[in-house]
Structures are given as structure tokens and as C-alpha cells.
Amino acid sequence: RRFPTVADLAAQARRRTPRFAYDFVAGGVGDDHGLARNRQALDAVQIVPRYGIDLRGVSTETTLFGRGYALPVGVAPMGLAGLLWPDADEAIAAAAQRARIPYVMSTVANSSIERIARIAPDVFWYQLYSVPENDHAVSLDLIRRAQAAGAHALVLTMDVPVRSKRVRDVRNGLVVPFRPTLRTAWDVARAPLWALAMLRRGQPRFRNFEPYLGPEASTGDLAGFVYQKMTGPLTWESVARFRDAWRGPLVVKGILHPDDADKAVSLGADGILVSNHGGRQFDAAPAAIDALPPIEERVRGRATVLVDGAMVSGLDLLRARKRGAAAAFAGRAFLMAYAAAGADGLDHVVRLFTEEFRTALIQSGTPFHDPVS
Amino acid sequence: RRFPTVADLAAQARRRTPRFAYDFVAGGVGDDHGLARNRQALDAVQIVPRYGIDLRGVSTETTLFGRGYALPVGVAPMGLAGLLWPDADEAIAAAAQRARIPYVMSTVANSSIERIARIAPDVFWYQLYSVPENDHAVSLDLIRRAQAAGAHALVLTMDVPVRSKRVRDVRNGLVVPFRPTLRTAWDVARAPLWALAMLRRGQPRFRNFEPYLGPEASTGDLAGFVYQKMTGPLTWESVARFRDAWRGPLVVKGILHPDDADKAVSLGADGILVSNHGGRQFDAAPAAIDALPPIEERVRGRATVLVDGAMVSGLDLLRARKRGAAAAFAGRAFLMAYAAAGADGLDHVVRLFTEEFRTALIQSGTPFHDPVS
Amino acid sequence: RRFPTVADLAAQARRRTPRFAYDFVAGGVGDDHGLARNRQALDAVQIVPRYGIDLRGVSTETTLFGRGYALPVGVAPMGLAGLLWPDADEAIAAAAQRARIPYVMSTVANSSIERIARIAPDVFWYQLYSVPENDHAVSLDLIRRAQAAGAHALVLTMDVPVRSKRVRDVRNGLVVPFRPTLRTAWDVARAPLWALAMLRRGQPRFRNFEPYLGPEASTGDLAGFVYQKMTGPLTWESVARFRDAWRGPLVVKGILHPDDADKAVSLGADGILVSNHGGRQFDAAPAAIDALPPIEERVRGRATVLVDGAMVSGLDLLRARKRGAAAAFAGRAFLMAYAAAGADGLDHVVRLFTEEFRTALIQSGTPFHDPVS
Amino acid sequence: RRFPTVADLAAQARRRTPRFAYDFVAGGVGDDHGLARNRQALDAVQIVPRYGIDLRGVSTETTLFGRGYALPVGVAPMGLAGLLWPDADEAIAAAAQRARIPYVMSTVANSSIERIARIAPDVFWYQLYSVPENDHAVSLDLIRRAQAAGAHALVLTMDVPVRSKRVRDVRNGLVVPFRPTLRTAWDVARAPLWALAMLRRGQPRFRNFEPYLGPEASTGDLAGFVYQKMTGPLTWESVARFRDAWRGPLVVKGILHPDDADKAVSLGADGILVSNHGGRQFDAAPAAIDALPPIEERVRGRATVLVDGAMVSGLDLLRARKRGAAAAFAGRAFLMAYAAAGADGLDHVVRLFTEEFRTALIQSGTPFHDPVS
């Protein structure tokens, strides 16, 4: 196998894509301390294995909010994924459907709720960034569409109260308005396959907003809408309102403080996705895996706890489970795999997670009891 | 933006200036451990963010000693700043005035109390190094002039009881008397814009002492005066005396021990500026940000606590606030910005601090209550 | 001497062997964190020396399970050692016999129980990987043969319930089935002495299984048998059964949890070999030397505790003893020595261990009381 | 000044001397962990400075065993110092005499007790390695000669119960018997000034043993005597005997355990020199500066505590004092200074220690009370 680890896939993705696109995905906020902390904290989780028992028959089947999935890992929501490689959202959703693992679609994906629902009917979750204007008219319509399309869970991302400053994006000129420079051109020239794919498929569009801007809305119009209208924090008031609007499992994402977890549960959340947004929002944030145990302790029995951040192996999934999560989510691992090797890359990364997680389970002697959710 | 971070500005400053000048500003004492500790300790300050609240309306207005400032950051006093780039003091003071943030003028600045007071009337603070000779005649006259010029606060720097050994300065020949070497010449040749600016504006002079040396005093005479007369520790006896002489807020700078903070307050200090002098005086000193909490606890309610050392981002300002400081000060960040890009650089660094601090506040969910001072 | 340390021997081994062979031996599982942890944890063991006593007459004679050995170090079992250099097993066994230190033969060695027993009659221990098929017919026969051949102790390796993923092996194509690539060929070309030796001696065969596959079994047949039949965990039930089948000292290897150690002893084990399998099975496993003290405390007086992992010097042996082990085992140190310099290399590494251990004992002022076993 | 720090002197020494000589001095035992620990532990000693007091009048005069010295630093004993540069012992002794700091002569120095006593009458201490043969006839004669020559203190080094293995020396062929190789020759060729000085002054001889081998003893005979006769631990029995034989202050060197310190004091020692022999004897030994506090606590009021290991600045001396030592000793700092710049280098390093220590004292606000000794 050419890609024995996710790191190999990421290295290949780096070779095939222009730097500004790769950096947009790989980078964090500020000095990337929050990003680095996620990985270091995972590496520091030691597990004392137990032997002498036979776990080969172990099933990794995972029940989340009453639905069965094949593995305790899902795809974390990623906006503008199409920048790294065209059609990323749909390809990843299809792979998740094949693999029977949750796929969380971002509001700012480059596909639409309706298309993803068709591609990934059994594993489709929807992540909302709200559009406060007009008393949340668009937000509520997005929820309505997700419900209509059959999304299993609604994920409310709390940790983007304000746009964060990604230093690499600024350096690369990847800011609004986008100003290509000589170096941008050079970067693109060095990634001819990417350029070709972009030419053929067109620039990534924020398709979820097409209904609200009329049929002729340009890619730039959609970007402008997102940039201008989709701002501000998701407040607890909104959480309460969206809870009312949504019939089904509600997950609150981006939580790091036990009090916030508690608050979310008291407002009716069914799940807490502990996350520092992959180190992309707040450089002083603790590692998600370190924030997890006190949160799990606080809401135990009342909500399902999930976690994301720097998950790149089956062993990481086991670490997440050992620290109290029912399942983990991964973002970059999937997107890099797709940019590296397309749909095959996606099936490969799923296989990596599956085999490695099974191996880690058996090796560690950890019996796999599906936690109540 | 060409300079997304202060590090980018410093890198540009390094390119534009001769090495001995850059090193003089960037370096610390001994092996730079105290310098490194400041940065490492800040990076280690994690903050668990809180979400679900709307802080977009947050004001960063900061009241210090009864006067309002735009942001909880000020310019720390820097002597011989003109060596890095001509007219640094006046340019920085003007920028501070535009930005409405405190500007602390050093006794050994390359401008005069009277000129700075005219340039920065609303934000002018004055930092005193004492001249013990003649029963502190010059020290007291400097205080008198600062008072007459309308300085808002007087800052007494305690942490220079003796000249420290800056290894890089010794290596670069930047000692008294200054002995240019072949390498010095080469350094200057590599920084032609700097050399030109120096030629046009003349060597930096310690202008505050011109009144005491008569109208014809040369630049060397002034340097000699500073080197010979401005020596020895600022004792508690002198603090008491200067307290009597000064009507207005008094800040004691360079404190790292709670007992010293207590002593200063008991002698009438209104503020404590916790600092290890940017790592320039004592290589075994703890990081300022680590020394801060016990000091704040000791003098809480009796004095305003400030801090400086390695502050380069709005997130650092938030860290300072979280650890108990009413405001932070930055030295090198401003000076590097000026050497990198002149007045524009200064406005830019203020913008960086402002935007990043606002972002950090909102992102962290920290409501901003102006601490009593 | 050309090789003052084991690191020098390993460097030489690296030069003389193809990369895939060297990596197979040197590498660990996943990201090599468990491997690195072993070394770092040993380096962190400080020992406060005691002086003023005369220990020059100290004997390093070590009694294990009633038999005397020259030094508290033995050779850990290593499968497929013949890949690094032909005839490694027999050469190392002979060196162990000369040196009077325990030699643990692996089930998947490239020699046979009967040959090793003849070469190393006084120091022969046998390590079992079980073949569950036919109610453990082969496993029990291997035990019978080891008993018949006069093995002193039987070692049951618990920590391979599943095949682990060695990333370097995957990268090097060292997987089943083995697929040589251009790079493999190039690697071999760069190690002509190795290639010659391989040509002369033939590919390494899993000789212990020849009796079960008939006289004409090819090297590939034997590999296939091992790959397909020797799978699955060694369960506590099997431990109990093998305990019944084996008359003599029984050691359980690969234990990291005190409860597992306790379980093994309750089932009749005489010794516990604390090990994380040289970092080759579970990347999140703690360092063996760190797992040792609580295990020793738990089974003290009931079983002899042994340890392995990254032992490369006499000082490491002292560290193992200070942490509670009666003796330590080393794997790679011996194999690298052989690949570096043949039988001379083996005698040399024994001399290094002997002299350094004696020196460390005397230097540290640690009297050497042979622990009861 | 060309050498602002001891590191600059060491770098120059490295340039002027052959590698085997430099390595012999700079290196430690094993993997140099004990060596590195000394430096890291010193760097980790933070000191919270106190301000507002005037310590400019501070005297650094240090009383040790009733005699006054100029500074709390002395020269640690170094054997075969003449290998780094001819006449090192006598030059360093002379510099110590000029500077009024203790000079501890090694038994295996390349000068004689009588010559050093003449060169450094006021600061001469003598360090004994014992020669057990003939009921310590030579040991006792060395003590007698030191007494007759007027040595102020006798230092018994406890931490060489056995020869240690210095890996770099083995690599460089610096073993007994010395076998020059091509590389040795090349090393010497690259250090022509060193070679010339050696030619002029002759190879370094262990002059203290000339009386015992007769007038015609060759350099090799003396080395052989040292190698063969000067072996084995210095036992507590010998300490008691040497205590009886010596009238004057007795210092026991190389102690790291409080119980050993206690034992030494109970046998009549006046001083304890806490040391891990500069990392040259036991790689697992703790840093001397870390071992110091519990030892000082144990013998406080009963003995004077001294420390050595990696002392290279006046700040390090302050650290030693803060941790409880009456004075510190430095070895390599002096020897490197001599190899770098001869007698001037020695005066320079004394000046560095003096100025830096004064500066550190004043800067830290530490009043200097000479501890009772």
C-alpha cells in the first residue's frame, strides 16, 4: 500500500494542490498552538493494555442517537472543502454512505442539502451556521430543508462567534476579497491537475444559499452573502429556538467548558461535540481530548459526548473512547485522503480507520460496549 | 496584508537595520533565558472559551488611573530607541496619541519631555531613571518637567540597580565607548536606508539632559552624562521622595516579588507594572506573566496591576487580563513596527492589537469589565 | 575498540544490511512512540550513587529460577532474526552459551528447537507463540519438544493478540506476500555482503514448523503456515493448559498491567517479563521500565519479575534492577551486534554489558544481592 | 572584549586544540546525560529578584574554613589538564593566587605539590586520589607533603571507585595504552600551536609520583604507575585514617546522597563538595545543583557545603549560593580559558566571574552574608 498512514495521504495532497488551498485546510489560527496541542495531547494518552482475552469477534458497530453506524468515527463538517479538490463534499458523503459512518455536512459546503441527502441518505447529519437576518429566516429554512431531506442529526456549531485570523491565509492572500498574486499563480501552475479539475468543475460555490439569492447568483454573490450575512455568535437563545424547530437529535459542537456542556443539555441538546475547531478559531484553547473528560463526567447519562481534533488513526479513536467519547470525528484526514487519491483515497482512509481501530481494540484488550446514547 | 503578525514586522525590521542596532533591541541579558521564558509562559496560558453569548458590542475602552484609553495596551518605555530608527520616540508617541493608548516615555529617550508632551498630550506617561548626584537635583527636575508638561502618570523603574551585561551588545562592540569595527561598517553598509536616515537626522541624542549640560553639549557629552551620572538603584527612600514630589498617579515598574509590590503600595504607589524588563536585566528572573497572579492577589483593591514582556498579539493582551492585569504594555512590538514600516507600521500594529484583542475577547466569551484602578 | 557502544554497532549494522531488513528490526508500530518511550523512560531513571564502600569483589552471578547465569541480562526472543543476517539465531545462541546468559528462542526463529538446544544447552529458554488449530496440537507439540530438548524455562508471549501494523515494513513492501520493488532491489544492491550471505545460506526459514509440513515444505510454505495458522490471542485458558503441559519454570511475557501479572501468577506463572514488545505492538503502551514497579510490588515474593525494552548498556541493566527486575532482556542490541560484526560482535556486546554493569554497580555503590526467584 | 562568555572561550579552545584533547576535557561518561543535567538544572533555577535596596557596596569576600577568599568560586581539581595545553596547572594556580580564589590541585596534576605550593601559597588546596598499596604508604606521603607544603584544605574525592567509560575518549583512541591513529595525527596537524607547545614543553607528566619511581622514571612509567596503582574506592575507613593524618580542614568531594554527607561529617569532615564529577563518572547521577539542597539541610551548622558542575557565570555562582552552597567550584571554565588565551584568558575568566557575580548579587537584591564555615 502506498499510503500506510494519513500522514502519507496528507503529504500526497500537499504535492497535488496549490499551497494556498493546502494551507487553508491544514492551518490553524494564530501560531497554530491550539492545532499542535490537539496532536500532542493525543500522543500523550497512554493506554495500559490487558491481555489473555479473545476479542477477535469484537464488533465496532456504534449506535449514535438510536442509529447504527459501522465505526465510532464520522466526518466532521468542513466548509469550502471544494477549494482543496472539486466535489469534495459529495465524494466524501458518498464514501461515508458506503462505509456507514456519519457524514456531517457544513452549511458552507460546496454542495446542497438536497444533493447530499440523496448521496448519503443513511448517514447524513447537518451542521448549521446561522444567518441572523430577518429573525433567522434563512437559518430556520436551512433547518427545515435538512429535516425534509432526512438528516439524522442537527449540529449547531457554537465556537465561531467571530471570524478568526488564519495567518497562513493572510500570507497567501486567501482573504475576502480574494486577490490573486504572482505567487498564487505560481502555486496554481505547480498543481496542474488541480487547475484542470477546477477548470472543468468550476469554482466551488456555496450551493446551500442558491435558493435565497435567485437562480442567477454568481459564485461571488454567494461568497459575499456568506461573508456578510452569516455572522455573529450562535447564542443560547438561538439554540433554544433551533431546538424547538428541529425534531430529532441535536448536537452542540465546539464546546470546551463543562458549564457550557451543561447549559446545552439543559436546553435540550442530545449530544456534545467537544472540539476546538481543529485549532482554527482560538489559539489559546485547550486540546479537545483534554477538555473531554470533565465534560463527559458532567453530562454523563444525559447526553452523548463526541470529540474531534487531529484524529488520524484507529488508535486515536480508541483514545477518544477511553477518554469518554462515544465516537470521534475527523475532518482533515478525509479531505486530505480525497485530494490525495480521490474516491479510492476515501475508501482507503476508511479502511485504515477500520482496521487500525479493530487492531487497537483487540491489542489493548478493551471490550467494546457501545455507550448508551 | 504584508504583515499579518508582529513577527513579520520584526523580520522586516531585521532586514532594514544593521545587526548591532537590531540586536540591541531584540536581545536580552546573558543567555536570553529570561527573554525566552516570557514568551513560553505566555504560550502556555490556555484559556477555556465560553460560547453562546453575544459580545460583539464589547468595548475595549480601558480606564487607567481615572483616564480612558482605547485599548488595554500601552507603549513600554524604551531608551535609545532612536538607534533602531531615527525619531522612533516621536513617531511612536504620535501613533499612541492617534490610537489613544498610553505612551511611556523613557528618561533616556532620544526626544525631550516637552516635545513628547506636545506630540502626545492625552496619553503621555513619563518613566524616570534617577540621577542621584546633588541630592537628586536632576531627578527632581525631570519630575517637575514631566508634571509641568502634563504627564498623566510617573513610572519609576526599579529593576536596574546595576548595568546588566547584554552579550550580543558586547559581541557587536556596542559598549561604552562605542568602538566601530570592520563588521560594524559592513552591517551599516547592508542597511543603506538606515544609514541614510541616520545621516539626515543625526545620531540619537539623550535630549532630556540637554538643559543640564548647556547648549553646546555634544551627543557624546550627553551619552557620557547618562553613563556616568545615571547609576545606582532606585531605593525605597527615593520612591518615597519622588512620591512626595509627584502629584498624580505613580506606577512602580519592574516588580516581580509580591513583597516588593506591597512595599511600593505602602509607600503610595497607585500602580505596579510587573516586568522582568523584557529579559534584559536578570537572566534567572521568572516570566512576568507568571509573577503576575500572586502580585495581583496581594495588592488587589489597593493598586492597579499592569504587566509587560513579549506581548505581541491581542491574544497576549487577553492572557494578561485573565491573569489579573488591568492592561499590558509592549515595547519591542511597537519599535519593530516603526523600523519595519514607519508611521504606517505603527498604525498597523495598533490595528493588529485592536482587532486581535476584540476577536480574542469575543472568541473566548470573556465579558470585558474595566477593572477599578 | 571500534564499537564503544551498542549505538555504534547498530550504525554499522545499518550500513551492512538492506534498509527493509534493518527497518524490520529497528522499527516499532505506528509512529514509534512506544519505542521512543522505552528509551526516554530509561534515560529519565536517575540513581543517587553511594560512596565509601568497596564493591570491587562484587559478583554479577544471577540466579533465575534456580539456575545460575553470569549476568542479569538475557537475549529476548526474536522471530525472523535471520532476515537481518543469516544464521542469527544459532550465532546468538552460541554466544549466549559462551557467556552463560539466558537465550530465549522464538517460535518463529529461523532455527529449530533441537538445534538451539544442542548449541546452547545451559542457557536455552523457549518462547511460545501458539497455533490454536486442532485443539492446540502444534502448540503442545512445540512445548513437548522444548521440554525434551531441555529448555530451562517456557516463555508465553501474551502481547500479540493481533498482528500489529509496522509502518516502515509497509513502506518497504515487507508484507505478506512479499513484493520486491525497484527500491528493494536497490537496497539489496547497496548491501552486497548481505546479499552474498543470503545467497550462500538461503532465505531464512521458520524451521520449527518443518515437522508439521512434511520434508519438502518450501520456505514460502512455512511462511504461509505461520501467517495463517499462528494467529489469535494467547488466552488465560491456554496459559492454564500450557502450565499443565510444561514441567519447569513458566514465564509470562508482555505484561504491563499489575492485574494481568497477578492473574498470571495465580495461574502458576513463575516469572513475569514486563515488556511492551520493544514498541512493536501497541503505540500507546507505556514504557516497560515505568510499568515495572507496580507490577513488581504486586507479585513480590510470588514471582520473579523480568523486563525488556531498549536495554543497551550495563547502566540500563542497573536501572532495571533498581526498579525491581531480577534481570533484563535485550533483543536488538544482540541482533545488531551480530549483523555488525558476526560472532565477534556478539562477544563484544556481551563484554560491553558485563563491564558496564560491573562498573555501574561499583560506581553506584549498589550491593548486588541476587533476588530470590 | 572578544570573549564575553565562557562559551566563547571554550569555542576558541576547541579551535586551538586537537579533538582528542578537547573531548577529553569537555566530555562526560556514557551518553553525557549527567553532564547535560548539570547545565539544565542550573538554567532551571529561577530567582525572584528584590529591588529598592542599595547593594553596590557589597563585598564578595568569602570565608572558607577560616580563610578569606575574594569570591565564592574556586578551581576544581583536574587531572591531566596539561593535555589540553602545556603547564595548565601552574598557570591556573598562579591565576588563582592573583585572584585570591581557592585552587584545588589534583593528585594526577601535571605539576608537583611543592611547585604549586610555591606558586599559589595562599590559595592552595590539595585533592587526594589514594594509592592503596603498602598500606597506603604513598597516599599518606602525599598527605604529608601537602601538609608540609602548606595546603589549606585536603579534598578527598569519593566518586571514583572505578574507572568510568568515556565514550569520546574510546572513539578518539585516548585509552591506555595510547594508540595514535591516522585521525589523531590529522587532529594534531590541525592544531599546530598546540603541537609546538607540546614539543617545547614535553608531554604532560604525573609529577607528583616522581619521588616514588626514582629520578629516571619516564612519562610512560608515571602513567603506568597511576593506571595500575591508583585504583579502587576511597572507603570510609580510609577517610577516617586520612582524617587522622591531616591537620586542617578536610573536604569530602563527590557526594550526592545526604546519608553519605552525614557519614563524612560524622567522620570529621569539615566540608562537603557536592558534585557528580562534571558528569564524568556516572551517567545516571542527578545534577549536583539538585542534590545540593537536601545535603545542605542535613549537615547545616556542622559542615560547609560546596558544589561544582557546569558553573560558567557569576549568575551560576549566585544560584549555587541560593541553593545553599558557601561557594562553588569550576573546572572546565578555567581550563578552557587557559587553552583559549593563556594567562590573559585566566585573568579574563576571573574577571567575568567577579563582575557577573557582583552584578547578579546587586540585580537580585541578595545581601551577601558570608555563611559560617
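By letter and in written order, the chains are A, B, C and D; residue numbering begins at 1 in each of them.
Note that in this section contacts are C-beta pairs under 8 Å (C-beta built on N, C-alpha and C of every residue); 3 or more make two chains touch, one makes a residue touch a chain.
Please read all numbers here as calculations on a predicted model, not as lab measurements.
Chains making contact with chain B as well as with chain C: A, D. With rounding to the nearest 5, the Cα superposition of chain C on chain D corresponds to a rotation angle of 90 degrees. Of all chains, the one whose Cα centroid sits at the greatest distance from that of chain A is D.
Taking shared numbers over all numbers used, the chain B to chain D interface scores under half, which places it in the different class.
Work out the mean CA point of chain A and of chain B, and you get 44 Å between them. We define each chain's centre as the mean of its Cα atoms; on that basis chain A and chain D are separated by 62 Å. Not a single residue position of chain C touches two or more of the other chains. Taken chain by chain, the contacts form a single closed ring in which each chain touches exactly two others. In summary, the structure contains touching chain pairs A-B, A-C, B-D, C-D. Every residue of chain A that touches chain C in the complex is listed here, in rising order: 1, 4-5, 43, 45-56, 313, 315, 318-319, 355-356, 358-360, 362-365.
Per the touch definition, chain A reaches chain B in the complex via residues 30-31, 33, 37, 158-159, 161-165, 167, 170-171, 175, 232-236, 239, 254-257, 259-260, 263-264, 281-286, 291.
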